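Shared between the two complexes below is subunit A, which has subunit B as its partner in the first and subunit C in the second.
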Partner chain A sequence: MMARNLFIPITLGLVIAFLIGPFLIIVAASFSGGETLAFPPQGFSLRWIAKVFTVESFRDSFFMSLFLAVGGTLVALILGIPASYALSRYKLPGAETIRTIVSAPIIVPGIIVGLSLLRYIVVPFQVGITLALFLAHTALILPYAVRVVSASLGNLRSDIEEAAVLLGSSRLGAFFRVVLPNIRGGIMSAFILGFVTSFNQVPVSLFLSGPGVRTLPVDMIAYMEIVFDPSVAALSALLAFMSIGIVFLAERFLGFSRYV
Partner chain B sequence: MSDPKFLTLENLTLAYGDTVAVKDLNLTIGKGELVAFLGPSGCGKTTTMRAIAGLLSPASGHVKLDGADITRVSANKRNVGLMFQSYALFPHLSVYENVAFGLRLKKTPAAELDRRVKAGITSVGLSDYADRKPGELSGGQQQRVALARSMVMEPKVLLLDEPLSNLDARLRLDMRSELQRVQKETGVTMIFVTHDQGEALSLADRIVVMKRGAIEQIGSPEDIYNRPTSAFVADFVGFENIFELSDGRLKTPKGPVELSGPVPIAAGLAWRPRMVTLGSGPFQGTVRGASFAGNSREYLLDTSLGPIKAEVDAALPPHELGAELAFDLPIAAAAALRTFG
Partner chain C sequence: MFQNRAEALALALPAALFAAAVFIAPVVILLSDGFRAPGGGWTISAYTEFFSSSLNQAVFLRTLKLGALVTIVAAVIGYAAAFAIVSLEPGKKGKVTGLIVLPLMISPVARTYAWIVILGRTGIVNQAFQALGLSEAPLRILFSETAIFIGLLQLFLPLMIISLISALENMPKDAIPAARVLGANWFQVFWKVILPLTKEGVVIGGTLVFTGCLTAYITPAILGGSKVLMLETLLYQQVTVSNNFVAASVIALILIVMSFAANILLKRVATARNKTRSA
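Right after this comes the complex of A and B.
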């Protein structure tokens, strides 16, 4: 009896510890007064947090990552929404095959995606690194966009489009007037998922970096190989708070959790 | 004034890919008529409605409305209203905005739009619910929103696909009178689909009975109820004793049977259980089943003609199971069927 009663709270405690624990350690380490990345932190100071903003490469790579995440996600949605719509509304021949192909980047390890992009696209066609990164991130986000948007389209009855048409709307108008507003939550979810996936992406980006062109995670790894100070922890903590902020705002203004 | 050929379907054939759902259908509906499509599941009722609305383009044939051939006119330009069985309300819009949807598309001036939308919402008794979303309404209320949404457009024809089948018995009666009222007040031409003969008989000016993609019989409720022309329609409207005729004799499972009196020239004869005379007549049967139905009693008889269903006034003394009874199938009462199949 006793053991059973304790089982659930203990499991819950462990799950929370493993999920939240690392985050707390990072946050604590970023307030360290010491010279090296360590836990428990030695002393207390804000200087590592301040330092993050003075490292120029961090600033550049942050904007590169932001550009890739926002731009890649937008392009993935612009391609993914019509694709999901077509896949769910029309009985296209080979719809399953298309779905599988679109989902491939989720299944294939990032290292392989990165290497093959480098080997078969970037090098032979002389594609610029920034463009290659952009294409790679878009391709990586697309499967998430298609998945999430398809799920929310699946919950939407298709007869409302016919109803809109009979009330005088064109087919295209019906899509914008009654389909899009009703899958808004799914699109927002896809956006957040895509953004986070792209922002935290390492393996693909690792292969696609060049002089002055790096994503933030890759830059952080490079930085740590030379300097092992708590500023990396500080940066990680700041990024985590940024993600929490985005989700919070999405929840606040869009009722995000209703759709996920 | 009223146009007897307001809506005509000419040699209409409708198909999904290679599957023909409706073949060579001809139908003429007058302005202001209330017509019911009656028939079993899969006979093509919804398909025909979708073709009238323009959601399905015919494989061949024509749809004409108000003097114009609209076969090739797209659905958003026909001004034909369709009330879906599932209501198909827009979940993200309030009741007010659902009803206003079509008028906004037509760029109706703001004051007129507001007046018409409010009048529409009020006429279906939902003025207190104008700001609610469809998800916050009951099934019956949602259906009335769907009705108001179609009606504010002042459609030339209003099509209703099983408007009553999702409602409970009480709401069904409410909605029935609602539809009748709307039709009387606005004079809109209305076609509704139903499985339920009672609904068709009580609401419609004319009933179209369909069977496997074709029209089986068209007629007034009295015609359909009293004078079915085929075994299929007779069965559908409750004639439970149906016999094929050959050489003036009834074909029964136990061989041909001679009737007393002159037999009409027909492919078959049919009697409602009510039309069977119990207690006297040339035939004999054994009571195999009996059930009480309030005003009447129904008996299932095992006879030399095969099983016969008879219905008599409940005030008469009941018959025991196993009782031997004389009965008659009066020729004068029978419906003469032109086709048997």
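Right after this comes the complex of A and C.
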């Protein structure tokens, strides 16, 4: 029995150390006073965290990533909510085909999505890089939006909207006054999942970079190839806390994990 | 269920057309490039050429090998971790599961970057080895298969653990004590009771980990460097260094076929389970 009692804490301790430890090291390294990235950190300072905010390319690419994550998720939801509604409430011919088409971007590796967009949309149609990135991120988020909203529609009984229609509401009115308020949590969860997925996404954006147009993670990779100072560690730590904070609040107020 | 077809199509088509135009059409054209003969017509010579190069063969086999190795090791660690988590009391269980899921929310760039600090020439591992007198000169761990393996395992282990937690929770509670009473040792309990009853969970987790490894770009790019390539980094190099779009198309199809195969396997296991349930 003794062996069993030790098995649980030792296993969990090792696994959590392996999964979380590297992240804690990044946090510690970002408070370093030294010139190069090292652990244990040499001295203590906030200079690298301060430096993150002064690097111009980080600032530009941060706003680019923010724009793609928020805008792309919104458009994916505007396309995805009606599609999910049609798939779950209507007898639709070819429903499986439509579901497959809409969720295909999740199966194909991102690097291929980025390359094919570059070759066959950006170059032949002279589409700007920003628009191409926007299209790519929207396509990438769409499967998540449809999946999460569909799950939340599945949990909602469909007879309440039928009752609303019988009582004289229009179909559209029933959707906005009965269905939408009831799936609000699912939509918010889809938004957060889409935001985090888009913000952390690298392979899709890899080929879609132009002069001054880059997403933040791609910019970080480019920076760390040239400069080996702790500022990327500091930025990584800040971004991680941002993601964790968003997901924590979502779990607290929406019960995020019910939908994902 | 509403019956109006026109209404249903009007709701569903914008999303489907968007995905078809922005995603499916360009990807299909890209994949067809690998079969186009220079003078017109179709050929598979790009594929025979790709596989005749020993470098490409090595990259292909390395991708398969690392994917399989990470999946197997993740399954072994995953069983131990999931088993430990399932036997915790409910309050603790939620907190520990939260800690396991947490890394999934952190940018893969940040998570991979941490390994440079740990595995680099002056990293923690080398400091420890030298302090303990295990090695004279710093070991070269970064830019190797070992580094990629560690990075991928850390990236995808949570997916395996989560799949196994739900599989173990759905297992009948008295199956293990029953087997013990009947005289099975722990090895037999795992092999004859736990594994068959959680097969579905380990297949789902394994598919997620394996496809994750195939399509990971950041980890091999940062931890493998420009010499130790995987299919994703080879594709990137073919485009940016060699301008070889035909080879890129060949690699793209290989990656897609491999991840589709893994997904079909996943679907088959999932439907097999629904059949046994309804029977």
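Before moving on, here are some points about what is shown:
The rule is short, and it goes like this: the second predicted complex is superposed on the first by the 247 of 260 C-alpha atoms of A that agree within 3 Å, B and C clash if a C-alpha of one lies under 4 Å from a C-alpha of the other, contacts with A are read in each partner's own complex, and residues count from 1 in each chain.
By our rule, a residue touches a chain if its C-beta (ideal position, glycine included) is under 8 Å from a C-beta of that chain, and two chains touch if they have at least 3 such contacts.
Keep in mind that this is a model prediction, so the values were computed, not measured.
Partners subunit B and subunit C fit side by side in the overlay (superposition on subunit A). In the overlay built on the shared chain, the residue A:L208 is in contact with neither subunit B nor subunit C.
Contacts of A:A164 after superposition on the shared chain: subunit B is touched, whereas subunit C is not. In the superposition on chain A, no contact is made by A:M188 with either subunit B or subunit C. In the overlay built on the shared chain, the residue A:A139 is in contact with subunit C alone; subunit B does not reach it. Within the superposed three-chain arrangement, the count of touched residues of subunit A is higher for C, of the candidates subunit B and subunit C.
In the superposition on chain A, A:Y120 makes contact with subunit C only, not with subunit B. Contact with subunit C, but none with subunit B, is seen for A:L12 once the two complexes are overlaid on the shared chain. Taking all C-alpha atoms of subunit B against all those of subunit C in the superposed arrangement, the shortest distance found is 9 Å. Chain contact summary for the complex, subunit A toward subunit B: residues 156-157, 159-160, 162-170, 173, 177-178, 181-182, 184.
Contact residues of subunit A toward subunit C in the complex are 7-8, 11-12, 15-16, 18-20, 22-23, 25-26, 29, 37-39, 79-80, 82-83, 85-87, 89-93, 95, 98, 101-102, 104-105, 107-113, 115-117, 119-121, 135-136, 138-139, 142, 146, 158, 171, 196, 199-200, 202-203, 206-207, 217, 220-221, 224, 232-233, 236-237, 239-240, 243-244, 247.
Residues of subunit B that touch subunit A in their complex: 53-55, 75-78, 80-82, 84, 86, 88-92, 101-102, 105-106, 149, 153. In the complex of the two chains, the subunit C residues touching subunit A come out as 1-5, 7-9, 11-16, 18-20, 22-27, 29-30, 77, 80-81, 83-85, 87-88, 96, 99-100, 102-103, 105-111, 113-118, 122-124, 154, 157-158, 161, 214-215, 217-218, 221-222, 232, 235-236, 239, 245, 248, 252, 255-256, 259-260, 263.
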